[in-house]
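Both of the next two complexes hold subunit A, though its partner changes from subunit B to subunit C.
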Partner chain A sequence: MEKKIKVKICIGTLCYVMGGSELQLLEEHLPEELKKRVDIEGSICLGFCNSNEDEKPPFASVNGKCVSRASITKLINQIKKELEDGLH
Partner chain B sequence: MGSNTFIEVDSYQFSKNGTHVCGDVFLSRKVKDENRVIAILSDGLGSGIKANVLATMTASMALNFTIENQPIQRTAETIFNTLPVCGTRKIAYATFTIIDIDCDGETRIVEYGNPSCMIFRRGELFHPEWKQIAINRKDTRDKSMYITSFISEKEDRIITFSDGISQSGMGTKNMPFGWGINDINKFAKNQIQRNENISASALAKNMVMQAWKNDLMKPKDDTSCGVIYFRNPRRMLLLSGPPYNSENDKKLASIIESFPGYKVVCGGTTSQIISRELNKDIQVGLSPNTLGLPPESKMEGVDLLTEGILTIGKVSEILENYNGEDINQDSPAHKIVKMFFESDEIDFLIGTRINNAHQDPSLPVELEIRRSVVKKIIKLLEDKFLKKINLEFI
Partner chain C sequence: MGYTNGAMLIKREITNRFTKLYYEGKLETEIDKIPLIISPKMAKKPVRCCIYKEREVVNNRLISLLGIPITPTMDELMRPSDYIEIAKQREETPTCRLNIIDAACSSCSKEQHVVTNHCRGCVAQPCMLNCPKNAISFIDGKAEINADTCVNCGICRNVCPFHAIINTPVPCEQACPVDAISKDKYGIARLDEDKCIHCGKCITACPYGAVTQKSHLYDVMKSIDNGKKVIAMLAPAVIGQYNVDLEKIISGVKELGFFDVVEVAVGAEMTAAEEAHEWKERMEEGAKFMTTSCCPAYVELAEKHITDLKPFVSTTPSPMVLTDRWVKTTHPDAITVFVGPCVAKRSEAINKSDVKYVLNFEELGAMLISKGIELSEQSTEVDIAGAGPVGRGFAQSGGVAAAIKTAIPEGVNEIIINGLDKPNMRALKSMGKGKCDGNFVEVMVCTDGCVAGPSCIADIRVAKRQLAKYLNRN
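== the complex of A and B ==
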């Protein structure tokens, strides 16, 4: 059984008001073939907002990798990238 | 009366079928520096706006004169002489019941024109001695007030109601002469027997709902019931904000662990601190809610975990705009408000570490300072909802 891609969406105040609220709906926007390969959960503040001045919220993480200025499209692309990397 | 007795005051009402404004008015006030509770019920002549104006004037005057300790005769005469005369009926009339409880539990009740209140002690009706006082009225309306005084005990209940309750059902097959005092007594006694901890809020509502049913869902008159319950306080703890000094993280966790009552944590960082200190996982939710607030989370041992400042801001807004409606919505803020309403004594433990990310000027919304929003909430809970509040900054 292949390991699922873990996606964490930060629901801290800052990320939420900077666009994170839309990311809650990621599941609905996933293409069919990806739905069973991905585990999506919310997360308390991931701390990215305080650690890196240059990266902008909203933040999410895909398999532990930080995604800044996250959007549904960006997250889907990162998920696909993880799947491809996993095949090598 | 024990020092740990909380006086829960609540009321419920329906306006006469077809009117939009209730002609009965129930007011209550906690005079903080005297530790005194005063409740007033007034039933204005007729129904609709005119009745509401009469009842509002009467109740407000009764409340203010009582707070100022004016002699009751003078209060009554001033009210009678001030009320506007109804153009159609040519008289000015509203009833009033005044319930005045001081810090030692000394309870004084003055009744004019309303059905006499029920007082329950240890499951049975309690009958203090009533004195009849004659008053001067130019017209032929009621010429007597009734006064009593006694020391309240824990678990006592005082139930006051307008004649919309006692006369409900009048003209129906079941109760051609109305619900009647005897059956009302039986109903209230039964309610208390079935649930010895029934809140003032629930009891008042149940009385009015029964009267509503008696009238076949179309109230024949304004129908109101107010209940005062001398109870063990239901407690609630709300934590928000990380302690200024992280050495106090342990203290925060131990307070919430041992607290007897509802426990709510507002804020991601605060939640993480509790989670770490108590070694409990946080299950973060992701489902949207009606207000678009960040979703709530779960932790064992805590009743509700929410985001911080946005949620607290919404709570303040809901409390400010609240007008007696039932709280049914699923948002985290509404859940907190519902818990507030079900509690009597609420402890706020507010961390004062500033969240720098919130002060970023490029934020699309203005995030208020936690401290000032909490102070606003506390003022509303004390003044508008008569809750007892303890506030500690950490």
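== the complex of A and C ==
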């Protein structure tokens, strides 16, 4: 069984106020072929907000890698990249 | 907010830093550092022309957050910290007038239609042949628009087979439904308070975030700190905003130090009952129709622009006003704070009610973040005064009409005005002349209703879904 890509979305108040609400819709925006290969979970504060002033909320992570200023498009691209990298 | 908008995010970041410093007790000493943190010396790439301009804009935003008006004549030597004392001493509520931050306004050039280099000088030349003003000619095989005769009708843009003609609007002017914004002699946007209905569309439309409203944040936090009995009244639209159950929102807001937190949906149910009664009476008296009065921007529209509509507007007080009265029956000494998505509510609160302050969802969010209150971790064990779907439904287009029809199952023939676009403006004007196909008109100036208000933080699709969960609950 193939390992799934793990996506964590910050559901903390800060990320939500800073534009993270649309990330709630990620699952339904995933292309069909990706749906079965991704696990999405919500998480309170991923810890990125205090680590680096240059990175801005909303935060999410794909297989542990930080995605700042996250949007649905950005996350889907990152998921695809992870899948590609997994092939090499 | 329909899409991610950098101008809005930076505003929110400044607000968050402002409240954080307040709670840390460092506002006086560190407020002037905020612009330097936002636009540091070695900034990789300033968005505006330079970091100094960016800092000036941030300074103005901070002054606005202190509830001080930004005017062209203000003393430029005053730093944000210099205004804190004024805010501290202030007893009265800052007014609702919207201000333009001159430094932020980009003086966008006048609206015009431009032929881009995608023009191929085709044989059809529909732009030239269909221009009603003969403003287009072909020079060296390319179309050219004569700006002096062009009236921006847009026909050329629509008929060009290559989409080679574009329209560059002035976003704030285009968004304003009542022509309250125009440019001064320097090209900077100016708002005419006599015309402004405080709908807030310009605030969201300006890509530079130049339109600002004086915040009541400082006054609210100060009142709580001074041990006053401050009661938060949450607008029905709050349900869709923070992605957690209402119980959690309420207990989170309580933790900010509010004496109590109530739902305005309770007042909305009183409004619905009273308005249904009023409608019945008016119909018996032979009135043609009645319109709602809960949307404050609409009420201002009827007062300032479509005065023919005024006699048709319901005189029933708004949910905010009735909630305020209800709160004050038990706490006559309370300072009430309306929390909502609306810009115009500030104007209603100040000019037409006993509500002392208004916060928006962004500002409430900033308070929660700065106090480290994580809403999803809040307790669900709170008492909610018991509003139902009828009151909570006021948050979205169609909700008020639905509430009236619940009260009066037969005879209500409703017309829903959802948003203030051009066709709806025309419809309202003709209603003022007595032409109305229904007998009850619900008007909301924001398309989709308050869930899509200018100060909402949640994506509209997410907000609507969350609200629907509550409306389907019994």
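Keep in mind that, in the parts below, the second predicted complex is superposed on the first by the 88 of 88 C-alpha atoms of A that agree within 3 Å, B and C clash if a C-alpha of one lies under 4 Å from a C-alpha of the other, contacts with A are read in each partner's own complex, and residues count from 1 in each chain.
What we mean here is this: a contact is a pair of C-beta atoms (placed from the backbone, for glycine too) under 8 Å apart; a residue touches a chain by one contact, two chains touch by 3 or more.
Computed from a prediction, not measured in an experiment: that's the story for all the values here.
Peer 1: For the overlay on subunit A, clash or fit between subunit B and subunit C?
Peer 2: When both complexes are placed onto subunit A, subunit B and subunit C end up clashing with one another.
Peer 1: Contacts for A:Asn50 in the overlay, against subunit B (first) and subunit C (second): which applies, first, second, both or neither?
Peer 2: So A:Asn50 only meets subunit B here.
Peer 1: Tell me which partner A:Ser71 touches in the superposition: subunit B (first), subunit C (second), both or neither.
Peer 2: In the superposed model, A:Ser71 contacts subunit C only, not subunit B.
Peer 1: Answer with first, second, both or neither: which of subunit B and subunit C does A:Tyr16 touch in the superposed model?
Peer 2: both
Peer 1: Determine, under the contact definition given at the top, whether A:Gln24 touches first (subunit B), second (subunit C), both, or neither.
Peer 2: Touch status of A:Gln24: both partners.
Peer 1: Just subunit B (first), just subunit C (second), both, or neither: which does A:Ile40 touch?
Peer 2: In the superposition, A:Ile40 contacts subunit B only.
Peer 1: When you line up both complexes on chain A, which piece of subunit B, out of 181-189, 325-333 or 343-351, runs into subunit C?
Peer 2: With chain A aligned, subunit B clashes with subunit C through residues 325-333.
Peer 1: Considering only the contact definition stated at the top, list the common interface residues of subunit A for subunit B and subunit C.
Peer 2: In the superposed arrangement, which is not itself an observed complex, subunit A uses residues 11-14, 16-18, 21, 24-25, 44-45 for both subunit B and subunit C.
Peer 1: Considering only the defined contacts, which subunit C positions touch subunit A in the complex?
Peer 2: Interface residues on subunit C, with respect to subunit A: 4, 9, 12-13, 16, 242-243, 362, 365-366, 368-369, 373-377, 457-459, 461-463.
Peer 1: Would you tell me which residues of subunit B are touching subunit A in their complex?
Peer 2: 268-269, 271-272, 282, 284-288, 292, 294-295, 297, 307-310, 355-358, 360, 363-365, 367
Peer 1: Across the complex, what residues on subunit A touch subunit C?
Peer 2: It is residues 11-14, 16-19, 21-22, 24-25, 44-45, 56, 71 of subunit A that touch subunit C.
Peer 1: Using the touch definition up top, name the residues of subunit A that touch subunit B in the complex.
Peer 2: These residues of subunit A touch subunit B: 9, 11-14, 16-18, 20-21, 24-25, 40-45, 49-50.
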